[in-house]
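Labels run A, B, C and D following the written order; every chain starts at residue 1.
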Amino acid sequence: MGIALGDNSYGKTGNHLFKVLRSTDQHEVRDYRVDVELTGDYAAAHIDGANADVMATDTMRNTVYAIAAQHEFDAPERYGMQMVDYLLTQPRVTGATVRVVEQRWARIVVDGRPHEHSFTKAAGGKHTATVAGSASGRSVTSGIVDLDVLKTTNSGWAGFLEGGYRTLRDTDDRILATSITATWTYGASEAGEPDYAKVWDGVHDRIASTFTDHFSPSAQNTIYRMGRAVLEQFAEIDRISFELPNKHHISYDLEPFGLENDKQIFWVTVEPFGLIKATVQRD
Amino acid sequence: MGIALGDNSYGKTGNHLFKVLRSTDQHEVRDYRVDVELTGDYAAAHIDGANADVMATDTMRNTVYAIAAQHEFDAPERYGMQMVDYLLTQPRVTGATVRVVEQRWARIVVDGRPHEHSFTKAAGGKHTATVAGSASGRSVTSGIVDLDVLKTTNSGWAGFLEGGYRTLRDTDDRILATSITATWTYGASEAGEPDYAKVWDGVHDRIASTFTDHFSPSAQNTIYRMGRAVLEQFAEIDRISFELPNKHHISYDLEPFGLENDKQIFWVTVEPFGLIKATVQRD
Amino acid sequence: MGIALGDNSYGKTGNHLFKVLRSTDQHEVRDYRVDVELTGDYAAAHIDGANADVMATDTMRNTVYAIAAQHEFDAPERYGMQMVDYLLTQPRVTGATVRVVEQRWARIVVDGRPHEHSFTKAAGGKHTATVAGSASGRSVTSGIVDLDVLKTTNSGWAGFLEGGYRTLRDTDDRILATSITATWTYGASEAGEPDYAKVWDGVHDRIASTFTDHFSPSAQNTIYRMGRAVLEQFAEIDRISFELPNKHHISYDLEPFGLENDKQIFWVTVEPFGLIKATVQRD
Amino acid sequence: MGIALGDNSYGKTGNHLFKVLRSTDQHEVRDYRVDVELTGDYAAAHIDGANADVMATDTMRNTVYAIAAQHEFDAPERYGMQMVDYLLTQPRVTGATVRVVEQRWARIVVDGRPHEHSFTKAAGGKHTATVAGSASGRSVTSGIVDLDVLKTTNSGWAGFLEGGYRTLRDTDDRILATSITATWTYGASEAGEPDYAKVWDGVHDRIASTFTDHFSPSAQNTIYRMGRAVLEQFAEIDRISFELPNKHHISYDLEPFGLENDKQIFWVTVEPFGLIKATVQRD
């Protein structure tokens, strides 16, 4: 029995690209953290140390900026596509994946007017995009990370599994706090490429508003409702996946001090945390 | 020559307090990370292991929540004051310092209406407060951290010191990006205790708007302008200190590829970074 | 076309378990960070909010400690197996995955003698283990993370792909610095369960010594050599995967100051970094 | 009443310097993270935007590497002194502070022999040094950070303050776990400059061994004992300060499951944590 090279890939991680659009005095910015990853036939590089067809990760870094200079893009999905299209033209590359996390910036408002060229970090999470390409096509995944939300009521956790090592009691009124990560993919469409920026804003709003609109019996059910709401509104999306850490807010025990605590005083734990993952998709 | 105990203090760091105000359906939240630190005559504890008058840090933790349950407060400064007042009543304590970092939450907006009990993390930095107390009085320091801002033009860095190990060239148009930390203290006033929440909002706005309103020849000058603007508007503030890391956005060299880069494509560095600190105060 | 629940799982992340073995005065410690993740038929929980058969993640947390109390284990793989065996007995659970990261502690040496009950964090990386189980069996993956190593010579990067956006020059003498992550799996064996603790020590040594023993023309080739060395020595291992970030040490340009820099003065970058991944396996 | 500039300083933070000593095949490395901070008369820069005498922080960065190239140093204290000596020669500078955190590297051992040019991160904490200088002289502070230690017995916490919000019970056998930060300064000496590298090793050993050698009634008493032991051994040190976070290991409550837990099963909390600070000094 011999020894062989198995799956392999390589790339450049953490390229921080910042582009300013200054065609008018009303500047716009694109603030992207870009990861590049390639696959291909690199057996000789691994086994024999033959580098001839291996693109340096430093070259990938240059590529991140050179492609950004030559293209216009209004969403990280489009930039990712431009990157992947270029990378697939290079020798020995059979697959290219580009992941982007966009830090969104909002204009500073001065005297009620959004400023032309001054910005502050936007609330509401970051826009993510992953574009993967090969000879057989391209796939685009859009997403949100760090959408931090909580509700102070209209959430419970009751009637769950008895026995085993259970000690937690039922509650019909707890704080639900989480940091939402969502990723979604698009179905084939006659309408052509989605308007990624517009869809992102819409999905963001549907997730946030659905989070508020029901009694939550569990993170699981709230995830399902959020996913269903997105799929119902956006025909171009065919599946959406969520990861919700449960940022536990636990009622602080003030009984030893003769103090009442009627869902007012909580301590927030860091670890461990519940982590709930689910996908909602079209049948 | 003997060996003696010198300065000493101890406390509990990272108490995460969350309080819900639910007197109406329009809930409010207070999300504070609280550090407690005490000084006093603890020589016997250190030298002899005599614990009799030493408050356990676990007791401090209980105190964080018990005090929050018994008091109303609309700003971390007021909560800090309530904590310090209590701590100074305890045996052997001669000094108490309470530091609070407030995570601010904004209501989720659904169909144009702020929701009653659902929140998302607010943009624009955190509210900090430090209250220190002893037999001789109380001091209150208010502040902002993590106020991330940038401007894409109207900033330069030119005419600085020649010689030595200088290689950087002058520029009259660069990106100025930073994460503002500011702390301020209050002068004696006949008007009584400041309205800390209102002052904070006002200082926040003055800092952000001043950041936008001038050509910045240096972070130093922008700090001075921001400090001056705050002192001019808020008579109750007697000094304000700033710390600004310079989040360098460096023009990416695209010349090797025959591409133009007229202040459009930048890479953002993590480390090292310039760090500029200054205080502006009344004479 | 309808909407349905897709893949889903949930669990408790970041349970920090610490066990002391004190049957003799020579104490031993097990310091594990444990993540638990379950899959099963949880459609009713998601769609209908029906919690009856859903184990709370708080119950999982209790389980982490209760199982540790009832079993002996000398390696995180064995503990993970005990956890998985228990979890699969629970209602509705069809799959259980337990991930452990072990912080290794070394005895403090006093006057040349390892102390009985005093420890300091060990160098050389952490021991990881992932055990996944279902009705069809168990799989065990062992690993190392945070094995930080560097060599100051006997490494180069030359002859790589020309053209495109390449600017980097060849070098036949660079610093190679990385933080090794490795994971490996075991083949079917008549010898029974591996001695995980002993294998881990051996793999650790083979990786570290192979890192030193050759001229490295690329991270890729060094990975392959390390993998091959492990497979050659440990018949029970059938594949090993590596992830190596390239912690770039770049010669600092001192020419403007008339100073020589013959591979002596480097600056170390944080981001971006090359990231090289490969698996070496038996044919 | 006017408005004026108060205290101010500026510098470059997070310069990562790596120097290889290759005069023989037995290479040595210096891995320093360097922060530079200057004070001086910079009023015109702040108030008027006059940069003429302001050294760019980019120039400081160059200085970090240029000074390292021109000097030999076997400890971060000496490098810090060389930096400060240079910086004080620059226009308008009246004070210079250089802080260094040294990542220590140990040789990889292959077949019982330390390798010539291959290294792995050393255990036992990092070496810190701060050198501050002005026209009136130089001060050197040495230190250790991240010295992570624990003892599984011979530590208690009992007899502490009753009343108030106390709920914690006495214990005469607990786990004491911490991450030691220590800093020390030197007295005037006829013996000349200390051998900083040798002193550091010695202080490190005294701290670690004292940590093991007594029943600890409190972190406070253990700090005092460690400080006293250092001062007794090292006549050149005139004071030493400690900061010890108490990494709480809390007995997990297994009573609900009918399981015994005789100081065997603990959970480790992240926050909040006790933080104990004290200085031990010569009278």
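In this text, a contact is a pair of C-beta atoms (placed from the backbone, for glycine too) under 8 Å apart; a residue touches a chain by one contact, two chains touch by 3 or more.
Values in this document were obtained by computation on a predicted structure and should not be read as measured data.
Asks: Tell me, please, which chain's centre (mean of its C-alpha atoms) is farthest from the centre of chain B?
Replies: C
Asks: Determine which of the two chain pairs, A-D or A-C, is joined by the larger number of C-beta pairs in contact.
Replies: A-C
Asks: Measure off the straight-line distance from the CA centroid of chain A to the CA centroid of chain D, and report it in whole Å.
Replies: Distance between chain centres: 38 Å.
Asks: In whole angstrom, what separates the CA-based centres of chain C and chain D?
Replies: Distance between chain centres, rounded to whole Å: 29 Å.
Asks: In whole angstrom, what separates the CA-based centres of chain A and chain C?
Replies: So the centroids are 24 Å from each other.
Asks: At least two other chains touched by the same residue of chain D: list those residues.
Replies: 15-16, 62, 66, 165, 167, 256-257, 270-271
Asks: What part of chain A is in contact with chain B in the complex they form?
Replies: Per the touch definition, chain A meets chain B at residues 15-22, 27, 29, 31, 62, 65-66, 68-70, 105-106, 108, 110-111, 115, 117-124, 147-154, 175, 208-209, 211-213, 249, 252, 254, 256-257, 259-261, 263-270.
Asks: Which residues, counting only chain A, touch chain D once they are in their complex?
Replies: Residues of chain A touching chain D: 165, 167, 256-257, 270-271.
Asks: In the complex of these two chains, what residues of chain C are touching chain A?
Replies: Interface residues on the chain C side: 1-16, 37, 42, 45-59, 61-63, 66, 90-91, 157-161, 164-168, 217-221, 223-224, 227-228, 231-232, 239, 241, 245-246, 270-283.
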